[in-house]
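Next up: some structures, all given as structure tokens.
Here come two complexes built around chain A, the first alongside chain B, the second alongside chain C.
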Partner chain A sequence: MKRAEVPLWLGLILKQQDRCNIVTPSWLSINFLKKAYQEEVTYTTRFFRMPWNWLEISKMILDKAPDDMTEPPHQIRALIQDLREVRLIKARRGLKELNESYMQLDNLSLMEINELRPMVVGVMDQLRKLQVGTNEDEEVSDEEAPLSYDI
Partner chain B sequence: MDIDDILKAFDQETSRPQRSQSKLYSQDYDSLKKAWINERTSPELLHYEVDLMERILKRIRQQMEFIELNSIELQSSEEKDIKLLLVIIESELDRVNFVVRSYLRTRLDKIDKFTIYIHNEQQELKKLSPEETEYMNRHLEILVELYNKQFLSKLPESLHTLDDTSGGISMIESPDLSKSVFIRVLKDIEIPIVIGGEEIDMKQDEIYVLSYRLVKDLIQAEEVALI
Partner chain C sequence: MGYYDLDEILADGQKIPCRFTISVPGLGYLENNPGKPVIQNTKLDLPLWLAEILAICEIQSAQNDPNENPDQTTYFIELIQPDFYSSKIINAIKTNALKIDLHQLLPYFYKLSVKWGSMFNDTELMAIVQEMFKQRACAINDYSSDNNHLQLLNSEFGLQLDETERTLFRQCIESHRDLKNWLSS
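After this line comes the complex of A and B, so read on.
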């Protein structure tokens, strides 16, 4: 048995052919995910730093290589789900802060950003148009924009 | 054949012949991915990656030849290992092809949308590859001909133009540079960005949504990345 680092897609092919086992990344463990969840709940104003593609990678590993994991996959799956939900709620709450100039979203991962993207871009562009439309010294209030959405 | 052989073969095939070469190849793939993401997320057309695309397309051809050559052999011999190798190369080809295709299509999409704008601006024309220029001109030609035949000829002369800018509304669609984009800061930015009287200091790894116009230069300087 030898360890080698290969791209994930290659690892998955080899796994499918039963030629390798995938070493679960250290963050995909009960301990780490529990800690992340704790942090997420403790600090309401910022996100805990997860890997850029944590949702995608965890799904692929849980789907294709659950037998390679040292911890029970269903527990990991449940923790991932919890973490995802608490972050989603936080992100949605943050949408209240939307304005026409900018927004900071540190530590959100790619998948989470993509979920917010259409909504955020749409609202910001709309707000900006309203801003341009009104007099420069007249501030546009958030209520004027169509803020109805559901995800 | 054990895992080592597979890895070795993979190294040789996707990135022959030397290590440094293989690193260069994977850098090219990263650059391609970056060009693709930038093209997909920025509101305006970006410069065509001439050299990069040439290298990538050449390698795609080589790999396809390799597959063809070996699939003939596959039928004659009972080799099982070559089959796995082919599966791996094929998957990689699929992955690269997907990005290449999406990259080119995204560009064509923008070219279609901003045809007249690009056509009129020397600056914009430089961003196109020769093939894209040809495509655009031909497409415009056909479109104008179609419009003329179908209905413009029946309208008064004064309504014939397709690029009328009088009357406060321009018929030429141009990219909206103030569109909001998502960016990730790659390194600390020295000069703060000013948005509506507010200064923001950008630090590495922070993520922002803001107007494309504000970060256009920083994207080019690779200090921030579109996501």
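After this line comes the complex of A and C, so read on.
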């Protein structure tokens, strides 16, 4: 048994062919997730720092390699679900602070931002249009602006 | 804002009240009075695209009167504060933005507000509209995470939305649905 670091897609293929076992990342454990959940509940104004791709990676590992996990997968799945929900509620509360110029999304992960993106971009665009003094000339130069919130 | 944007065209056709500052011969058919002139100070509802132009078109007097104050220019019409910006509605918005039936009031409320704002530079009004949109957008996002998907558009809440909000509502519903589908796939 030799340990090696390979890209996730390769690991999953090898796992499918029964050539390797996947070592679960340290954050994908009951202890860590419980701690993260606790932090989320305790600090209502900021998000706990999770890996940028935590939803995607946990889904792939839970789907493709549940037998490699040292802890019961259904518990992990439930914890992930809880964590996602508590963060979603928090993010929703944060949306009340929307304005036309910028939004801070510290520690939100890729999928979570993705879910909110259509709403956030749509609202910010509309608020910008409603801002007094935005005339047609200015809008041309603003066309490039959406790139900056293309997260 | 495309040239062929249907919503844009419909918003432009929204009628707003104006008052004629001069008498215009032969325009009587606008108030069901064909063949007669429109007299000075008549109040009429004109579509926005027409009113917008007439309100900024200067009239040049035929005879150049040297005594006339050069700074004083006359326009064809004057815009009057429309019903949907009356203090009654504004107060209702301030009280509870979520309870306003925008669709009944004016299906293109925000599109008109944008135009109105750039025409009059009414900072105060625009701040109220922004605040209202923000509050309603949060409600839209909350509603859209329900499971019923696109049926929501025809729920009581969905039917009270302005067209801009309905587009946003549809986008939110689709986004939440897509993520849910992905998570359970």
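Operating definition for what follows: the second predicted complex is superposed on the first by the 131 of 151 C-alpha atoms of A that agree within 3 Å, B and C clash if a C-alpha of one lies under 4 Å from a C-alpha of the other, contacts with A are read in each partner's own complex, and residues count from 1 in each chain.
Keep in mind that, in the parts below, a contact is a pair of C-beta atoms (placed from the backbone, for glycine too) under 8 Å apart; a residue touches a chain by one contact, two chains touch by 3 or more.
Because the structure is a prediction, the values reported are computed rather than measured.
In the three-chain model built by superposing on chain A, chain B and chain C fit together without any clash. In the superposition on chain A, A:E115 contacts chain C only, with no contact to chain B. In the superposition on chain A, contact of A:C20 is made with chain B only, not with chain C. In the superposition on chain A, A:Q126 contacts chain C only, with no contact to chain B. Contacts of A:D106 after superposition: chain B is touched, whereas chain C is not reached. Applying the stated contact rule after C-alpha superposition, one finds that A:V6 touches chain B and leaves chain C untouched.
In the overlay built on the shared chain, the residue A:Q75 is in contact with neither chain B nor chain C.
In the overlay built on the shared chain, the residue A:T44 is in contact with neither chain B nor chain C. Once the two complexes are overlaid on the shared chain, A:L95 sits against chain C while remaining clear of chain B. Superposition on the common chain A brings chain B within a closest Cα-Cα distance of 7 Å of chain C.
Applying the stated touch rule to the two superposed structures, the overlap between the chain B and chain C interfaces on chain A comprises residues 117. Chain B meets chain A in the complex at residues 3-4, 6-7, 10, 84, 87-88, 91-92, 95, 176, 178-182, 195-196, 198, 200, 205-211, 227.
Remark: chain A residues 2, 4, 6, 9-10, 13-14, 17, 19-20, 101-108, 110, 113, 117, 120-121, 124-125, 128 touch chain B in the complex. In the complex of the two chains, the chain A residues touching chain C come out as 55, 59, 88, 92, 95-96, 98, 100, 111, 114-119, 122-123, 126-127, 129-135.
Across the complex, chain C meets chain A through its residues 110, 113-114, 117-118, 121-123, 126, 129-130, 133-135, 137-138, 140-142, 144-145, 164, 167-168, 171-172, 174-176, 179, 183.
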